[in-house]
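Inspection log for the structure reproduced underneath, given as structure tokens.
Letters A, B, C and D mark the chains as written, and numbering starts fresh at 1 in each.
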Amino acid sequence: MITATPFDFPYDGRLIAENTALVVIDLQQDFLSTTGYFARQGYDPSPLRAILPTVSRLITAARKAGIRIVHTRQGYRADMADMTPYEKWRRKRAGLEGTEILLRSGPGFQIVPEIDVAPQDIIVDKTCNSAFTYTDFELVLRAQGITHLLFSGCTTDVCVHTTLREACDRNFQCLTISDACASGDQKAHEAALHMVTVEDGVFGALAESSAVIAALSRLSGAKG
Amino acid sequence: MITATPFDFPYDGRLIAENTALVVIDLQQDFLSTTGYFARQGYDPSPLRAILPTVSRLITAARKAGIRIVHTRQGYRADMADMTPYEKWRRKRAGLEGTEILLRSGPGFQIVPEIDVAPQDIIVDKTCNSAFTYTDFELVLRAQGITHLLFSGCTTDVCVHTTLREACDRNFQCLTISDACASGDQKAHEAALHMVTVEDGVFGALAESSAVIAALSRLSGAKG
Amino acid sequence: MITATPFDFPYDGRLIAENTALVVIDLQQDFLSTTGYFARQGYDPSPLRAILPTVSRLITAARKAGIRIVHTRQGYRADMADMTPYEKWRRKRAGLEGTEILLRSGPGFQIVPEIDVAPQDIIVDKTCNSAFTYTDFELVLRAQGITHLLFSGCTTDVCVHTTLREACDRNFQCLTISDACASGDQKAHEAALHMVTVEDGVFGALAESSAVIAALSRLSGAKG
Amino acid sequence: MITATPFDFPYDGRLIAENTALVVIDLQQDFLSTTGYFARQGYDPSPLRAILPTVSRLITAARKAGIRIVHTRQGYRADMADMTPYEKWRRKRAGLEGTEILLRSGPGFQIVPEIDVAPQDIIVDKTCNSAFTYTDFELVLRAQGITHLLFSGCTTDVCVHTTLREACDRNFQCLTISDACASGDQKAHEAALHMVTVEDGVFGALAESSAVIAALSRLSGAKG
């Protein structure tokens, strides 16, 4: 059981490692580096880099508890076959034409080295903001019997929240880890966390990483 | 063309009535009445009621321009066959057990009488926050050749935003009408509008109803 | 456990009433009556009518065992908002223009009276051949914890098979009941049953209704 | 316009290269080689190999006409994260445990060298029989403005037909090329082709490769 707001997670008190995944959204060079997509859009990637130690602690605790880690990566096909004329127009407007930014072939697509990606982790590549839309994310989760998702990564207001919303609509049990998510827009970040809890938890529960790590340690202890 | 932020809508200047729909999200008694779901969750429905004249003006302008209206309604099946144990737990926690609140059989499911629902309008009933998930919304839009969506309704931060995000991921061209959306949580409402425009329009464009009505009038004029 | 080909169902021997549904596809007047869609397409609905007693026996056995019944109904929206120009062209070509055939407003949309539809049954209305596509079928199944599907209804080669294929792709455990399915095209019916078993059960297992009823009786006995 | 049964394709006579794709399903070593999945399931891959010259002629004609080629590949993730216990049981039953057969890491996953895969072609990797389910196939098609699909590949009764059925449900205009599809089960192959045409073309139209190539040549001529 993880101490959370507006109710503890999961609601029925049954936190089971085999049924739970830590979802790490888009911690890629394109969002975190000073030369990637996000920085070129005029955002300071510092708040995104600031969560890396917290996410790393969560990954370590999750591995010990026997919880699967799912990393998502945002990026278009190298040949842009999945990009619409509108997206190409936005790309040009952002001065990205002719670059490999946000393409799967570019260096920005890679997860930053501070994040430990293990061979047994699951990686889901996506074009959309939601990790569910046009990917095998749901297929993999259900094949693994995963029903509970712990959300971390960036950006809180865009890809984390879109994926979280879709996960709730598909009836996954969802927890957002407040200090393990970040955005370049502090106001949007805070509002996104707040939105989780409206209507008494319309998008599930919200917890701090310390509460999550404490609960995962108890799970590990129970195993050991 | 509709004057909008961070860019005019649609991006290529081609606003075509046949390809455009005005989406009116969940303007139902359960959200707007003083005895419905939303009021019983502790929210003041006044801000939701306050947009009704604006939405009505938009509906009138859209009809004149030959733009289809899509109304969505949120509600579970009367026998709750589409409700999980978790959702039943939340329902009980909210004191809604034994009521017809948020059920398709209840009076709260109906669209408020202030909104003109015409026989040629399209109604999409949904269980999820997104109008796309487990419904025929996308089927109907594509069958009609609709590619451009103008968003209004409630609540801005929950059902409007979840549907908007899914629409963007499916590559519909999206405009959110700021003063035709509302929430019981003013901070969440404002942040949701702001989020549309992050990353230079990650969820499309944002406009005021006056700009939309002006553009629709020009469309009507061109027709007449 | 149900005796089946090419392997017994379910594969792990764990047949649990709460996790199982009997799916009854499209036993509607439009397919079974002598004046409905199917008859007007030139097919003899007799083979479809011939399975009604078998499906009824399965429904009775399923109810006794505590297995949910899901009926599907095929039909377009009354205003044809979900119909493409191509589908309207096919409709005209079939001489159906101006009729209510295959519309949800018409008498052909109703399930035939020989089939007992109980208040606790689940009805899924669909426009597509697959009951999964653009409906809440998957939502309801997962909300109910249903993971195992027993297929019956019509037509074997079109709507039964399309829904069966999608169910397999979504990792539901599937059994097709050979003598509880029918088509107006005997060759297509037989081939569709055969296809279930290619590649050693690529679309799950195939059983006769007698084997299914025997297994459901054992489940009921275990309960009683 | 392509001469086809039960009606010419497309129904409105407007064959446009930019809106059309040639879909080549699963022409991989696992299905065509004498040591792959299909051969180990006891099927003779000769009928699958026999269509290769026809598919190659279609690819050449499509390229000349400016029609996009989409190749699909069937295979599980190398670590089998997308495989259920049931699928692992079937895998073991087929004697495939410990092999790389049907895994994306194995040599059987590769498209056979007889098929010309060009850099501008689109490749869609899938786990399901349908190329639409849990993939970006639909995203890519719609992003490219592709609305018309010409089907070839293997096997006619399983992956071609499942994808074809889903394409029809999503309102793509579909043509199956009879002599460019194959199966190891001749009866299932013939029945699958027949099923396309039931109910006066319930899954679109059926044509021979010679008719398709003739039409594509006319398109090329019109361009040249």
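The criterion applied here is as follows: a contact is a pair of C-beta atoms (placed from the backbone, for glycine too) under 8 Å apart; a residue touches a chain by one contact, two chains touch by 3 or more.
None of these values were measured; they are calculated from a predicted model.
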Field: Between A-D and A-C, the pair with more C-beta contacts
entry: A-D
- prompt: Same or different: at the subunit B/subunit C interface, is the fraction of residue numbers used by both copies above or below half?
  reply: same
- prompt: How many Å are there between the centre of subunit C and the centre of subunit D, using C-alpha atoms for each centre?
  reply: 27
Task: For subunit A and subunit C, let me know how many angstrom lie between their CA-based centres, rounded off.
output: 39
- request: Between subunit A and subunit D, tell me the centre distance in angstrom, where each centre is the average of that chain's C-alpha atoms.
  value: 34
- request: Provide the list of subunit C residues touching at least two other chains, using ranges where the numbers run on.
  value: 84, 87, 128, 133-134, 139, 142-143, 171
Message: Taking the touch rule as given, give the residues of subunit D at its contact with subunit C in the complex, in rising order.
response: 7, 11-12, 41, 43, 84-87, 89-90, 93-94, 128-130, 133-134, 157-158, 161-162, 165-166, 168-171, 173, 183, 185, 187-188, 190-192, 194-195, 198-202
Query: What residues of subunit C sit close enough to touch subunit B in their complex?
result: 77, 79, 81-84, 87, 119-120, 122, 127-128, 133-140, 142-144
Contact set on subunit C toward subunit A in their complex: 139, 142-143, 171
